[in-house]
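Each chain carries a letter (A, B and C) given by its place in the written order, and its residues are counted from 1.
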């Protein structure tokens, strides 16, 4: 009994403590970027941030909750359209419209969940895609938002975001950084909390987790809504950058889901580190190959196939196979005093 | 003394196949009931009807005087019905300790250190303390069986349902398990145990329930039930032991 | 086109080496031709032209002449642009939009922010010109675009005719031109005047089908009976409902603005289902010989609006070539038949270089913008002047109609209607398809 009363549960390892310092340094560097880097670098980092956040959200859904969605573009598109509607028709400051879009999309995602949650596995995946297509066709009919032609956000609204171009760039950059950090922190804290426990349990055995008091539906719904909201926030940010929206690009399967699945699968599904590595690889490949046109897409496809056959746990899986490493420690370790 | 669990006229069929036909019984607080019957007799279905994995076509399940017939599995778990699975369902991606935190956090609804303390306590009682940090996927069969029991205990159940937990174990391992279950009984837990290994069962339970083709065949004191010629007739394998 | 290198790549020479070669050759050329200029001329910063084009994806057919045009432009600007005695080499940075407006916005931003271009040019459908122009407008970069009807470009970007745009200029024809030439075309031969339309739910389809600004009101005015089943979602693989309705209503004329793959589907299904209209005028899809050649005899007689052809009576200010000479050189060098984007891609660089010549130099973005705004230039596609357009920032180019005629192995586009632009000669009379 003495051992029982003198245990301790620790979450971090030595590597993770070092990693924490690393993350803080990286965050510090990212915060300093606008003060020394060029506008092109900032735009690149914004794009990196939104792809990484999308990847974290898809990973949360598919990697942690087992909800393999191919319809996340529904929420990217909705986020974009809400930003346009809020700023053009309601005169809301675009940066403020971003979180509003997140809240509204969380609400919209609830009835959506009740439709797609009736389906399982591959049917769920197809169901989410169908939902995204429905939204695409729906927005193609809304003529006040440009219908199938799409619309541009008036230059006047963008110029009024901040007093000057530099200030505007900086504000959007920091918004992107906040979204990235908040999105990643949300996944991390969720996975460290009892929800993380429930999610892993559900992934490993649904009947067993059910019999241990885990409300599977509610847990999955929570994850689905949270990831939809953050995905929507990212969507709003994306189209504030693009300045123009149309149903085909807003609800683009290729841009907002296929690329993101590629990132997560390459990097390592079911880990927080995986999407970070995957995004680095994706951007690396893109800067090397994107000017080769369709060959670029073929190379991406081949890389994905090879990785799935050779290393289904992605690059991060290969790394952890060799080294016992956790940069975002979520596991619990019992030690005795 | 009111019954902890009262099962009234349960019916369940899949198409024309009747798997549970008009089964009623009750169990008092602190009592242990053994359930036997040949393979396919409907024992596991009965279990699922009580634990909440399956809804009956008709009949009611009263737990602590509360009608839980239409409760979900997780709701019944929170109310105090804990169960193990015949085939162990370890959460392979978690450590043994984390496996127990699930029930402690969600079913027993304990927070932070209280949940951790319960998990450690259950690990200690089930002899798994040394394995606390091991991934559950790496356990041996006996350890998996123990984990299965430990997970059920981590929900702090008032009623514990055990489904063929002794299956596949050696005589020695089986003996250890029986001791463990007897010690739980001493702590006042109420138990329903499905088992093929009748001698293990008989050394623990107060009463036996026999079902065959979904129908209750007999119920009563273990030796009396085992001596029932009808039970012996359809349950040759067991009576021979 | 060759997009192996994102920077313009010629004969395998990398861009950086090419720049050295160009700089050296411009010096040498100057030395040989006019010694006085050598001593006067310094080599200054280059003018950087950003060029966004749909080199891959469904719109790639529009980008076919890119490589040829880029080589021509490079040759024509070999000596750079001289401003106040300083030679400024011309550098063109090409980016592929992959036919996606998402990607077009991204590469435009890259050109603006990373490559720090002095002027942006882009062409081919609203999917390219609109996002590119939007990025330029917000980032204050002079921009010239073409090959998108002006309404989807101007109004599609939320343009206000009273205000216009500050940085972005566009030249092409508009809905009124295609309506004018099409109506005149369809009245050339006797039909029952029942017209079926295929307008997709996209920028072009919505502009052409617009109940106030598009075809419908003028069709009615001219006594045509319109069979319009509404905007269809493109891409579509089944047009049976349309074909059945067209047959039922006795449609004899078919019109629309649809992407080549949709037209392929529609025209095959129409053939299979025995629907044979007298006139078929499809914008976009039938502009390209390569897109309609697979139909063999059923391509013979298709009609289309013509924005540029070898018979257009204009001369390039860049190379001094006539339209016919430009087309001939293209066919000789590439072995491919001329297409309309050839003239427009050429003109895009003509207008951009003309503006750069009148500017105060690289990096002087306001002066480049003002130079574009005051453009009064005779290009290979006709005069370009942004002061005389229907709305600010727009200059209109002439539009006629043509009919594809099978001549030997190839399909030739002959001008059969020129009421909107009489300076372009008519070559033949319209023939019925049946």
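Observations on the model:
Just so it is clear, a contact is a pair of C-beta atoms (placed from the backbone, for glycine too) under 8 Å apart; a residue touches a chain by one contact, two chains touch by 3 or more.
Keep in mind that what you see is a predicted model, and the values were worked out from it rather than measured.
Central chain by Cα centroid: A, whose mean Cα position is closest to the mean of all protein Cα atoms. Distances between chain centres, each the mean of the C-alpha atoms, put C farthest from chain B. The geometric centre of chain A is 38 Å away from that of chain C, both derived from CA atoms.
Once the centre of each chain is set as its mean CA position, chain B and chain C turn out to be 76 Å apart. By the touch rule above, chain C contacts chain A in their complex via residues 3-6, 55-57, 95-96, 98, 100-102, 105-106, 109-110, 113-114, 126, 130-131, 134-135, 137-140, 152, 156-158, 165-166, 200-203, 205-207, 231, 233. Note for the complex: chain B touches chain A at residues 51, 53, 72-74, 77-78, 82-83, 85, 89-95, 97-99, 101-103, 105-109, 115-117, 120-121, 124, 129, 132-133, 151-152, 154-155. Chain A meets chain B in the complex at residues 1, 3-4, 7, 9, 194, 197-198, 200-201, 203-205, 207-216, 331-334.
Touching chain C in their complex are the following residues of chain A: 38-40, 42-44, 47, 137, 140-141, 146-155, 158-159, 165, 241-244, 246, 248-249, 252, 255, 290-294.
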